[in-house]
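For clarity, chains are labelled A, B, C and D in written order, and residue numbers in each chain start from 1.
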Amino acid sequence: MKPEDILRIAREETEKQGFYKYRINICCSSGCLPFGALNLLKAFENAVKKFGVESECKVARAGCPGTCSVGPVVLLEPGGYIYQNVTPEKAREIVKSHIVAGIPVKEYLYANEAFFKKQLRLVLRNAGKINPMRIEDYIAAGGYQALIKCLTKMTPKEVIDEITASGLRGRGGAGFPTGQKWNFVAREKNTPKYVVANLDEGDPGVFANRTLAEADPHSIIEGMIISAYAVGAEQGYIYVRAEYPLAVNTLREALRQAKAMNLIGENILESGFNFNIELRLGAGAFIAGEETGILASIEGRRATPRPRPPYPATSGLWGKPTLINNVETLANVPPIILNGGDWFAKIGTPKCTGTKCFSLTGKVNNPGLIEVPMGITLREVIFEIGGGILRGRKFKAVLVGGPSGGCLPESMLGLPIDYESLTKAGAIMGSGGIVVIDDTACMVDTAWFFTDFCVDESCGKCVPCRVGLLKIRNILERIMKGEGKMDDIDLLEELGVYVRDASLCGLGQTAPNPTLTTLRYFRDEYVAHISEKRCPAGKCFKEQASLEVKE
Amino acid sequence: MSVSSVVKIKIDGVEVTAYEGDTILSAAKRASIYIPTLCYLDGLSSYGGCRLCIVEVKGSPKLFPSCTTPVSNGMEIITNSERLRKFRKLTLGLILSEKPHICSICVANGHCELQDLAKEFGVDHLRVEREWTAHKIDLTHDFLVIDHNRCILCARCIRACDEIEGVHVLDMKMRGKDSQVIVDMDEDWASSRSCTSCRKCARVCPVGAIYVRDKPFSEIKDKEMAKFILSRRGL
Amino acid sequence: MMGELGKINFATVWLSGCSGCHMSFLDQDEQILDLAQKIQLVYSPLMDAKIFPENVDVTVVEGAIGNEEQLNLIKKIRKHTKILIAIGDCAVTGNMVTLRNALDDGAGAILKRAYIETATKNPQIPNDVPKLLERARPLNEVIKVDYFIPGCPPSAHLIKYVLTEIISGRTPNMEGKAKYG
Amino acid sequence: MSKEDRRLLILEREMKARMYQKSVLLEILHLAHELYGYFDKDLLNYISERLNLPPSHVYGVASFYHLFRLKKPGEHVVSACMGTACYVSGVEEIISAIEREFNVKRGGSTADGKLSLFITRCIGACAMAPNVTIDNEVIGKANKEVVLKRIKDIIGG
């Protein structure tokens, strides 16, 4: 295949889709699939047939539009109508009224405009709109044109310059400048080189990468091919959690189709550039998402991180230069190439350009997957996009950045979301998890939960993380049982700082964050547990209380 | 030694000449500057797990394990700040509290690197409660014994078995706090088909976790002997 | 810190331990006379005092906390003592006394072993002695301890050093000295 | 494990296709786990021999990753999601209810081997929290009544 062939497919497919007046996209992502999405797909197909509107209405499976809490959801184009909690019965009614008569069924619509109003969808540009199982859909939406541009009009150096100009930073958590990272690998003389796409989204409560892979796998693959072209790699690996079977299947199918079109493989689009991608499955280890952990895992070993330097850019997979990018970072690449780095740099804040996907969960009215420009405040995310606290309860804290993020109080809600501000406040961008906590939650218990997660996920190699975290968890447990001492607060702080500073890898270095931030912002709750044997949220001491009643 | 280029670094304010390929630890050793170590052993690959040898490098807020961090020109290293001393003390206290390390009834008493380090740093008590583990002690082998209740998971035995003896009988199972050194498929030592009974694991064990039964500990844990064996690895 | 005749009130206590630390304390030999110049012994297994007095300046405690009586006693001691020193591994880390903590129902297991399984006549678990705690504990898990002298037993030399420093109002430096076992 | 075991043939074919490379261990373990549902030591020994990897290395890798089971699971498997969203939404209460009702501990199986209860960390359906998976069916926005009834239906029938 040649570049012209891809452009021709794009034209033909656009034309074909243009025949249809309506398009019904059924979300078949992990959020909706368990709740009858495939039945719904059939129901819509039958309804369209029954009402004889097959020629003007296309029914297709699609990825997630983000409103996961009201699934199964259906996106009806044109107009971007989202129907919520759709059942096969509702499907017939929707076809009859909306398609046949042209009148949307108001009572079934997701009537929450605020959810989308402040969002800006770059990474999720196609999510929910195209069929992830058809490469033609992606191509018709402008897919692979960035790759063509790179292969035909740009040198690897120009590609890297464009990425550098965009100010794009790693979306995996740490926020390292992507262009710089690419440059490190590109300048290495040692070959072969490898690229790795990190989709080991192990954080509980985070599903942005999964949704992206399920909704628009080719955006990841295209970004990855471009990165390989830029750094001169011939082999790539996508490392996916095995707990995401749908994402795995979607990616597998997408890779097959991309290969069939010669978008990966030998002599890609007759450019002389060779690049292959293999899938590698994780197996339930959060630590495998760490840069050196992922490398060990791809090599078939225990995913224990090793100290850096040497960095993967010089010594990665099998000791060769390796570029590791988060999949969200990669999905940002095609639009940057097409629209230019300057365009991208205007989005977000000067230091943190572009957008970020967040999984918004916990006690908010509109949980789901969102994408917002950098610099938006937490308040906007929680109270506008998220629609405020569930059941009108009081906001207490928000955990930003997954299990090793920080718990921020109400006074920090004005904080703009960018790497530096979050870090300063004791949280991290992390994997993009925002969990909203209301006044029914105990902050000691919250810190315990996340510490317990990290204790479970610690690889056990270094002492601070393996033993230090365990001790932090035990002290928290003691406090929750009413056996805490006032000295414990200082001890927790000391241990927290020690684990943060002395641990080998990112897991240990961030794992004390929930404890440290709850100590910083909710110290009074610790004091209440220790000196008054009282849990302000009424969560702890329950067992003891009920025992006393029994006696 | 191959010809390698000279690297100028400063350790604790002293100018030190190092070579490309040196780690901070090897450069410091050559300059007779002491950095405490535990999981590190000359002749084995570096592990970077115990965090005792962490040092500060000027210009970075991070701490670096000196056993794995390569030197680079102009590097300024601090090996013994207030913070580092505090952290090392904490590390030792945590290791001591992870298992029921009871020196008075341990075969390694008086010949234990952990005990020596605790003394050196004045770790005179434990600030956190101990874990009271009750792992099985494997006494099946003719003379080698492994007591997991004393194991500090430094992986020296695993590395010696793999890198020096070349049989890789030992490895680590599970992860995190549940990590444990295993023999073959987590089997009794006696049923191991690959173990050559070479005793290198016992020689390198810094504590009393692996030892030779009915032998004075001073004899097994002859540091000079261990050094000798490790220095012959190329032969 | 002055008691009778300008001496400080000094106590030593023996909890769950083997008395080896007291032996080591006495092992200071003639040097103990220097100490005797400065202290007034007010409570100790070395003398006949049944009740722990009030207003003790320095108390040296040997042994872990193994039973309920000791638990109550150590709390009382803490209340009446200005400076409390844990001496020996049992008091500092629990040492062998705490070995039973690794067993389920460790207290029950050792009672059974001692009074039933190995009894030559009349096997029965006594009920007129203080109840064993489910878990034996080092002192600092129960009360605040000011100084620690590890060792099994600590050397007489180390004991002397620490006591001299403390009585002179200095903080002993344990680096290079705190040897367990 | 009989020599004629078809599953072994599938495993062997896959290892051969990957040229018995040591680095594909994790992929082979995945396949073996899919075929057998758990690892016993014979199976791991077989893989260790074929890939020419030390037994302790294979066991070390297999036991590192929590997705792999080293014990035979019960006939039916309930896995409760302990992700953040599910925890915040009270999955703990459901888990304790299952433990009480069926006399099973998390991570273990019932005495008759009919039911295993596992804890998973986040299946990614956070917006539907709390989630409990029974065999392959996900129950979203679960509560203990619904879950207990569904389990009874399955193991009863």
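Everything that follows uses one rule, which is that a residue touches a chain if its C-beta (ideal position, glycine included) is under 8 Å from a C-beta of that chain, and two chains touch if they have at least 3 such contacts.
Just so you know, these numbers come straight off a predicted model, no measurement behind them.
Comparing chain pairs A-D and B-C by the number of C-beta pairs in contact, the larger count belongs to A-D. Of all chains, the one whose Cα centroid sits at the greatest distance from that of chain A is C.
For the pair chain A and chain D, the distance between C-alpha centroids works out to 25 Å. Chain geometry summary: the mean Cα position of chain C and that of chain D are 51 Å apart.
In this assembly, the C-alpha centroid of chain B lies 34 Å from the C-alpha centroid of chain C.
Chain D has its Cα centroid 35 Å from the Cα centroid of chain B. Residue positions of chain D touching 2 or more other chains: 57, 60, 64. With touch defined as above, chain C holds no residue shared between interfaces to two or more other chains.
Residues of chain A found to touch two or more other chains are 285, 302, 456-457, 459.
Viewed as a contact network, the protein chains fit none of the simple shapes, being neither a path, a ring, a star nor fully connected.
Applying the touch definition to every pair of chains gives A-B, A-D, B-C, B-D.
Residues 41, 44-45, 48, 54-60, 63-64 of chain D are the ones touching chain B in the complex. Looking at the complex, you find that chain A touches chain D at residues 30-31, 34-35, 68-69, 71, 201-207, 210, 242-244, 280-286, 297-303, 318, 359, 361-363, 367-368, 399, 402-403, 433, 435, 437, 441, 449-450, 453, 456-457, 459. If you check the complex, the residues on chain C that touch chain B are 86, 89, 92-96, 98-99, 101-103, 135, 138, 140-141, 145, 148-150, 152, 173-181. Every residue of chain D that touches chain A in the complex is listed here, in rising order: 22-27, 29-30, 57, 60-61, 64-68, 82-88, 120-129, 137-138, 140. Taken in their complex, chain B has these residues touching chain D: 162, 167-175, 182-187, 194.
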